[in-house]
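Structures are listed in the sections that come next.
The same chain A turns up in both complexes below, where it pairs with chain B and then with chain C.
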Partner chain A sequence: MSIQEQYKKRVREILSSGAVKMVIGYQAGTTADRRRPLFIRTPEEAEKLVLDSACIANLSGYLVTEGLLSDEKSVGIFLRPDGIRSINILAAEAQLNPEQVVILGFDGNEKEVTALQGEKAKDFTAIIASIKEHAPSAPRNPQLEQIEKMSPKERFEFWQAEFSRCIKCYACRQACPMCYCRRCIVDSNQPQWVNTSSHTLGNLEWNVVRAFHLSGRCVGCGNCDRACPVNIPLRLINAKMAGEVLGAFDHFAGMSETQEPVLASFKKDDSETFIL
Partner chain B sequence: MPQCPMHRSISSFILKDCIMAKIGVFICHCGENIGAKVDCTKLAATMGEHPGVAIAVDYKYFCSDPGQESVKRAIRENNLTGVVVAACSPRMHEATFRKACAEAGLNPYMCEIANIREQCSWVHNDPVMATEKAADITRSMVEKVKRNNNLQPIEVPVTRRALVIGGGIAGIQAALDIANAGQEVVLVEREPTLGGHMAQLSETFPTLDCSQCIMTPRMVEAAQHPKIRLLTYAEVVGVDGYIGNFHVKVKMKARYVDTESCTGCGDCITKCPNKKISSEFDCGLGKRPAIYTPFAQSVPNKPIIDKANCTYFKNGKCKVCVKVCQLNSINFEMQDEFIDLEIGAIVVATGFQVQDNSVYGEYGYGKYKDIINGLQFERLASASGPTSGKILRPSDGKEPETIVFIQCAGSRDPSKGVRYCSKICCMYTAKHAMLYAHKVHGGKSNIFYMDIRAAGKGYDEFTRRAIEDDEASYLRGRVSKVWEENGKLMVRGVDTLLGKPVVIAADMVVLATAMVSQPDAKDFAKTIGIGYDEYGFFNEAHLKLRPVESSTAGIFLAGACQSPKDIPDSVAQASASASKILALFSKEKLEREPVVATNNEATCAGCWGCVLACPYNAIDKKDILDRSGKVIKRVASVNPGLCQGCGTCVSFCRSNSLDLAGFTEKQIFAEVMGL
Partner chain C sequence: MTRILLSDKLDNCVARWRKAGLTVIGPVKKETSSSYAAVEKAADFDFGIVLPDCSIKGLFFPQTEPMTGYTIKKQDIVTNDFAPPAEKRIIFGARPCDASGLAIDDPLFGWDYKDDFWFQRRNETVIVTIACTKADNFCMCTSLKLAPDSTKGSDVLLRPLQNNKGWLVEELTDRGREAFKEIADLLQDGSEQAAPLAVVPEKFNLDACVAWLKNPENFDSTFWKEISMRCIGCGSCTFLCPTCHCFDFQDEGDTYSGIRRKNWDSCSFSLFTMHTSGHNPRSTQSARWRQRIMHKFNYFPGKFSVNSCSGCGRCTRQCPVDMGITETLQAISTLKP
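After this line comes the complex of A and B, so read on.
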């Protein structure tokens, strides 16, 4: 039985047993290589489920939809390891109770996907730990390496050029599982820290604010990158920041449900390269 | 109406702030300090043009009595709604001017300081540019003040109990001064006895009175004082809270001896079979058993067991001390205990250490037994020391005929030691030479020095006595190498006054080692929440005007934990700290600045980043309930009694829900845009 059929069976099981009230998965999209989210509420609807290598979106953001988990019932969700890390972060930031999340884990490359054993976020601790272990030696994005070789001036100009295309649609924010605030800082206008119009300064402000808000929280799922209608390589900024917090504080986002947010916690042995 | 540069694109209700505003701008010359670089008259004219400014004037010294009076008069005559004083740092005179404003009927928090001295005139040379910058700084504060709100001080109760950390002379003095005024004191010392470094000294300069003779009565007085609770062999491991209301956690390290029943008879000490342990108190020159008191006059005079060296703890066999103790005071099962204290104010008097001389390989410290440091010489010269006060060589126990003293072994040496002067070494080296001359007649002392720094009452007279009466030979120059040859220590140096290299054959070499901070000083500073400098010495709030306060309200400094100090200075600072604390305890309630954070519960996402980030544990989780009592959401809630207004939560909050009174986002934004 293919992994897709296995998981269809499992979805039907957990829905009919009442273990979960809903399963969030993938269904066929507008083109052959696109998938769109599927919200399965009855065992019959499981037939629409698609699970293959084109299922790349991180669905965890749907869990923090206002009121979804407030009835204390469980929800099943298809997640790759990066999505499971998002669950850990959302749990650590008190946005959800991980006991309510039944994970249907999978992983794979461009060709095929395989199932991951486990049900609750904590069952995947070993898998995430091994990803962290391999993080420093993992093949790096060639574009990121190229940017790092630039002089500060060249780099600034590169990003200015990229951000100049930004139309302030905030699709990156909407797609990001970490952007769960009820009111985003850009929507606060007393005072208006981030300029709303899409000119150079406002674009720079917005993207820098987002990079900082994601430092130590981004799992690199790429949702923002794919959502961007003008193809700004947003993932590179977040990957860079993730590397910085890993190097400076040995912090790898989403290791566990109790991991302290790196920018909110203080340890005596934190490196202080800029404060005496 | 003149157009405000802020309001090209801002909505009308902010405009209201500006139309209603009547700001007074007072530009201080600070004598020449500001006036020499900034054209204050021109600045006043510029500011007078700024929208919302009702009056802008300059004056020689606004902090003076007539200066303050003119501010008050201007407030009354012009019905000012806000005041900006362009002068020195707010750390100097913010309180002064806020008080003046309050006396004129204005809410004190409607007064702001524009710092055009430290941040402008002192750091710039070009008067034209400096004047422009001063205008920018002042304008930015005017824009802020327009958005200031009336704030009311917060009253908090004061716990009238002081904590003194460190039981050396500074800590003892502070504890006694506070206790003698009738207030409770908890005195915490991490060693098994009170006394600190002063108890190790032989005689003290400049009077040569015996250190123990003046120290031990103080130790006993502190231990027996009804208002002092003494906790020895104990460490402060956590400090929470704020001025008037600190919560302190103290670890009572296991002594393995029950101090209640122990009478200090000393039988266990005499009978302990393991007597070959290097004595910390004698700086390695003497030995002690595994169950010991550091010295005979220890307070409390009850022994402790050195777990690392005790035969029973190592092998599970021995227990000789248990057998000889007639009161069953030995308890190998004893565990560390933690006690919680409610404290109103803290004196930090954690003292110093001597630098490790092994960084000077060329001086041979650690390689040759007869090269010792100044503190070790104190132990040799002390009547209670390992040689009963005789100056004898550690290697063979012979009396040295020639001693070379090397001053600044570590001090004033940025390459290997420390950049600062350790302050006490010139004096104690002169003292060592005198003690040596008194104890070993005919002994020859040679002192290599850089400068003789003997400022202090009776100090220069003292060093002169060492030279003139006790024939200490001072050679101005540095030592390059010490080596052994035919049983002598050969000291090669230079006498710069003669311009010649010299080699002296000595029997003993004494290094005047630098005074350094405690090795764990930086960690400790973080534990209790005070600042420190690059060397690990604790920072005072203001070097000249607030030398005994730390930058954290309610925590004071005494003694060498702040900077190298001798005994008179340490005692003086301890008494000063005590007087500050007594002033604090003289009030029932304490007025606190109302600069506290508030949370917008409607926008709070409940991520609890602020709860973790808050250094004062001032943020709690609060449930928002619906009518049926069901939790709708959980948000952060700031306890204004605990909040210190540091702003850490505000800068952390991603949804911008937290704001700080007196430094609201609106104010800061206006300040930035006003630049």
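After this line comes the complex of A and C, so read on.
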């Protein structure tokens, strides 16, 4: 039985038994290489499910939809390891109860996907730990290395040119599982903290604000990068910040449901005097 | 006999127009992105792009634009109104859907108040459209009763030649004729055939959709919630859309000096309809998506007798969750009115 058929069976089972009230997965999209999010509420609807290498989007952001988990019932969700890390962060940041999340885990490459054993986020701790272990030696994005070699002026010009295309549609924010604020700082208008205008300064402000808010929280799922309608390489910024946080604090986002947020925690024995 | 513009003369045309003081704009590809951008020579154009990432709209209605400014001095307050920049332009290689989008928005911007920013740019810009010989899976102009060679909103229509060496020239307006006078000696007579137009299959029955949308009972249909469940509430579809035109005023500055700007806004955002009291009449994403569809195919045509969609397909093409007008109207086509 293919992994897709195995998982269809599993989805029918957990829906029929009442273990979950809904399963969030993937279905066919407009073109052969596209997949769309799918919300399955009855065993029959599981027939629409697609699970293959084109299922890339991190669906975890749907779990924090207002009211979805407030009835304390469980929801099933298809996640790759990066998505499972997102669940850990959302749990650590008190956005959801991980006990309500039934994970249908999978992983794979551009050609095929394989099933991951486990049900709750904590069942995947070993897998995530092994990803962290390999993170420092993982092949780096060649474009990122190129940017690191630039002088500060060249780098600024590079990002200035990239951000000049930004239209502030906030697709990056909306696609990001970590951007769950009911009211984003840029939407707070009394006072208006951040310019809403999509001019050079406004675009720079927005993208820098987002980069900082995601430092130590981004799992590198690439949702923002793929969502950007004008193809700004947002993934590079987040990858750079994740690398910095890993190097400076040995912090790898989404290791467990109890991991302390790196920029919202401190150690009494920190060598920096400004901490305490 | 028809007039023909050969591709190898285009460089001369660009130089001629630039010399005449026109900014020449066209489809340009840059690594991973494409846009309508200013060019200096013919080699800068890329006519192979099916559609640039963003529509032509931003060249007439920029994403942010200063309207008025103020400075408070010891004795007095100085205000200054910004005028739209006086710049003569020629857009060479617009797509018919993008040009149509401008014509669709003209009545809106001239309705109860004549928007000088829009109309000055409209009057000073010549739009040379190239008929499409290539389409992708998202193109849907024919479903909107337009076509890969629609002339709506264009000053000149070019049809690519079968031999790929140039274009047949159809001058449509005085503005177009005026601009092509500048290059009259670079055109030639010819009897070459135009290349076949792109085949864009009709994806939904527009009349059936409009009938369903006009039935007030369907306003509260559960359909809206079902179809928009995966909408993440970004503004990508509205900002890329050639006809979406909503904007917001924003003041930037401090007590002593500042600028009032007109910025794009989107009905997809929850803040769009948020009242000062905290009440939001469109409190759910499904209500917002319904508004977008209703506005385009019910309210806008009710007022201006034209649908607010030219079928470019960007809403689906660039949607992070593969939603869009096509899927929604396809689904509506199958419902009972």
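The criterion applied here is as follows: the second predicted complex is superposed on the first by the 267 of 276 C-alpha atoms of A that agree within 3 Å, B and C clash if a C-alpha of one lies under 4 Å from a C-alpha of the other, contacts with A are read in each partner's own complex, and residues count from 1 in each chain.
Please note the rule applied: a contact is a pair of C-beta atoms (placed from the backbone, for glycine too) under 8 Å apart; a residue touches a chain by one contact, two chains touch by 3 or more.
All of these numbers come straight from a predicted model, not from anything done at the bench.
Legend: residue contacts after superposition of the two complexes on their common chain; A:K168 is shown touching chain C, with no touch to chain B.
Using the contact criterion defined above for the overlaid structures, shared-chain residue A:P136 touches neither chain B nor chain C, since it reaches no partner.
Of the two partner chains placed by the overlay, neither chain B nor chain C lies in contact with A:G247. Counting residues of chain A touched by each partner, chain B versus chain C, the larger count belongs to C.
Of the two partner chains, chain C is the only one that A:S198 touches; chain B does not reach it.
Contacts of A:I185 after superposition: chain B is touched, whereas chain C is not reached.
Overlap of the chain B and chain C contact sets on chain A: residues 192. Taken together, the chain C residues at the contact with chain A in this complex read 32-33, 35, 53-54, 58, 63-64, 137-138, 229-230, 232-236, 238-240, 248, 250, 252, 261, 263-264, 266, 269, 271, 314, 316, 318, 320-324, 326-327. The touching residues of chain B, when paired with chain A in their complex, are 523, 526, 533-534, 602-610, 612-613, 615, 634, 652, 654-657, 665-666, 669-670.
Residues 29-31, 34-37, 39, 57, 61-62, 165, 167-171, 173-175, 187, 189, 192, 195-199, 202, 223, 226-227, 229-231, 233 of chain A are the ones touching chain C in the complex. The touching residues of chain A, when paired with chain B in their complex, are 93-95, 180-185, 188, 190-193, 213, 260-261, 263-266, 268, 276.
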